[in-house]
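Chains here go by letter, A, B, C and D, matching the order in which they are written, and residues are numbered from 1 within each.
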Amino acid sequence: MHKYAAYVTELIGTFFLVLTVGASVLTGSPLAPLAIGAALMVMVYAGGHISGGHYNPSVTMGVLLRRRIEVADAVAYWVAQIIGGVLGAAVAYWVVNPRGVAMLSLSGRAWLAAALVEALFTFALAYVMLNVATSSSNPNNSFYGLAIGFTVTAGIVAVGRISGGMFNPAVVAGALVMGLLPWYTAALYLVVQLLAGAVAGVVFLALNPDEVQSRPRVEEAAR
Amino acid sequence: MHKYAAYVTELIGTFFLVLTVGASVLTGSPLAPLAIGAALMVMVYAGGHISGGHYNPSVTMGVLLRRRIEVADAVAYWVAQIIGGVLGAAVAYWVVNPRGVAMLSLSGRAWLAAALVEALFTFALAYVMLNVATSSSNPNNSFYGLAIGFTVTAGIVAVGRISGGMFNPAVVAGALVMGLLPWYTAALYLVVQLLAGAVAGVVFLALNPDEVQSRPRVEEAAR
Amino acid sequence: MHKYAAYVTELIGTFFLVLTVGASVLTGSPLAPLAIGAALMVMVYAGGHISGGHYNPSVTMGVLLRRRIEVADAVAYWVAQIIGGVLGAAVAYWVVNPRGVAMLSLSGRAWLAAALVEALFTFALAYVMLNVATSSSNPNNSFYGLAIGFTVTAGIVAVGRISGGMFNPAVVAGALVMGLLPWYTAALYLVVQLLAGAVAGVVFLALNPDEVQSRPRVEEAAR
Amino acid sequence: MHKYAAYVTELIGTFFLVLTVGASVLTGSPLAPLAIGAALMVMVYAGGHISGGHYNPSVTMGVLLRRRIEVADAVAYWVAQIIGGVLGAAVAYWVVNPRGVAMLSLSGRAWLAAALVEALFTFALAYVMLNVATSSSNPNNSFYGLAIGFTVTAGIVAVGRISGGMFNPAVVAGALVMGLLPWYTAALYLVVQLLAGAVAGVVFLALNPDEVQSRPRVEEAAR
């Protein structure tokens, strides 16, 4: 029973994250990077005690490599995150009702640069999350949501004009639904983002050798 | 005696929240979404230990459904919140002294879209508040005000251009006083916002089954 | 000896607060409200354990009425705050080297409106500070600086275009030095700001009757 | 072994800090000051428990004077920070691929003013860091990263148009690599920034006489 609550929490949080991404991008709000980081932050704080507050398949990948979630749960998280992201994007599109959207068209060097910054900031996001929310050196802290959310804000401001600033396969799925990305760029982002999450899991264990252990606990993944 | 302090605290906090909404919107400040979220955040931190820091009838509705406040206190909170909101709006209007205000005119699909996003982000606000400020899994945390305030910031940036970004019947009352909303839109917002708060209370209990209990305590509602 | 550290801390913190106000206003930075609130926040966190982190004569007035500082220390704090503010303004003026500054010219209704919003947000600032940093209900919290700093951010965004958004006699002294305010407006602001701090002290005690006690302790004023 | 983890953590954190500086400045993002402060904040939270989260040779200088790090470790930190900064700048330059960059050309009075504000805000940054992250009066707080990061945000908004708002020799190294600064200005900044960090260490000990002790501990430097 408790596990279903975690899956629903992941769906709700990813829904509001991608709804915020979609609506603020489609309406051209200049404070979109702040809003998107804030949406992630508040959902991490709200749902952290239930699901760990991932809302991002790459983060779940990092938590899996760091061995704080079991494979079956990780798969369920991925499904919930993608469903939440697609629903959030659909609602954003419906409520904004844009006359048209500008698809991100990249090729050659710009395409590689976009993939590189997506990989780098997705790594940063998972690296920050693993350190602030799963390290035994930071018990009962109150900053984990702030750190996770504002990693995304920093990344969107820094490289949003290069790649769109997604750092999250669920956001990529939503962007695909809204027509903001061509399928081949979405596929490239997906691959590099999942790899980046995995690398973050390995780097976390290398830098925190005392954390190597095998007890996966869904309900403690955020603390 | 202690209860009157809670009611006065709700009035003060809602006054400053709606004063900030009114003055920053009427003067067209580009950082209004940050200011409004910040005003809510600081009042939640300032008054949380006295009243729970609701400042929003929909949040009080969620807390009522989640059974952490008694009906009589909830009604007193609602009265204090509406008085605070109307006073804040009146002061904002007097000090800005605008030559005219642009009323939000919506109809058809846009009107429904506005109601939908008001419902969604009011749900998000109450859902976040119940999890961060009333869950026994998050005792003595320092992030509750940050999470609550920045839910509003995220929502205004995301959907402010669609619905005005209110998420709070006391703000709706203030907007009505300032002439920013027609009465029928205010009525629609009021209904969907109160429903959204109620749904958040039910969802909270469903996702946190260990929290089902019946001890309503005004003075602990925020922690 | 310990007391001199507190006075120096007040001087340093107010210096950086008013330097930030002066430089960001004189260079016209659009994010000035965020920077000013952030400067106050970081100095509150940095110096809170030494001096209580007031950096504002109105806040010190509120703490005096709430009986957590002795009169002699309050006077020394006021002197340190005014010196820090004047120095900060002088450095800001020197480094920006503006060709001219626009003095805030207000009269009649607009002058009264400015005084009203200065009174209201100075009250809010002292009210928030007393609750988050001196209440025994909020021991060892990590949010006190965030709440205090962002009250100023909210106030500047909301009413900065009406009054300049100062809420602090040390900032008024700095604005006077930089030529941003005529002397009669500065005098009016000074009076209403100090009154607002005093009212906040009284309101705090009325809403927190358990806090009425007479032990003034400089070194605990911030916690 | 543990020490190498600290050096790598410093390199990773400084890399992302300077990548964020470079990319947001080269793409002209209006929210760059927020993003840069956020990048520092999140890396401080992520790496604080491993390396202390300096990411800035001036901060390391202050920690050295305050005697919480040994000379050999400080030198290793400096090397890691400069490497991280140069790499971050190189990646930022490659991904943005600017057609040209505007070098900051200052002379005479403006050059001195720039050096002064670099000195002042670098002092503020190290002063804040030493108080929030190394004082025994602030144990186990959750605000240290917020305070450190937002000192940089405040400084960039306030004096970014005067000096570029760097406050960090690793950022200066990155700016040199990207062609944003002439070598003689970089050299001047480097000197005043390191001096400012040293002065902050001395001021910290003067204002916190109980903290004078000689146990340098890398692994506790952040708490």
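Quick note on the criterion: a residue touches a chain if its C-beta (ideal position, glycine included) is under 8 Å from a C-beta of that chain, and two chains touch if they have at least 3 such contacts.
These numbers were taken from a predicted model, which means no experiment stands behind them.
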Per the C-alpha fit, the turn needed to bring chain A onto chain D (nearest 5 degrees) is 90
Residue numbers at the chain B-chain C contact, same meaning over half shared and different meaning under half, come out as different
Taking each chain's centre as the mean of its CA atoms, the one lying farthest from the centre of chain D is chain B
Chain A and chain B have mean C-alpha positions lying a whole-number Å distance apart equal to 28
Multi-chain touching residues of chain D, meaning two or more other chains, are 30-31, 34, 142-143, 146
Touching chain A in the complex, chain B uses residues 30-31, 33-34, 37, 109-110, 113, 116-117, 120, 124, 127-128, 131-132, 135, 137-138, 141-144, 146-148, 150-151, 153-162, 203, 206-209
Residue set of chain D touching chain A in the complex reads 1, 5, 8-9, 12, 16, 19-20, 23-24, 27, 29-32, 34-36, 38-39, 41-43, 45-47, 49-50, 91-92, 94-97, 142-143, 145-146
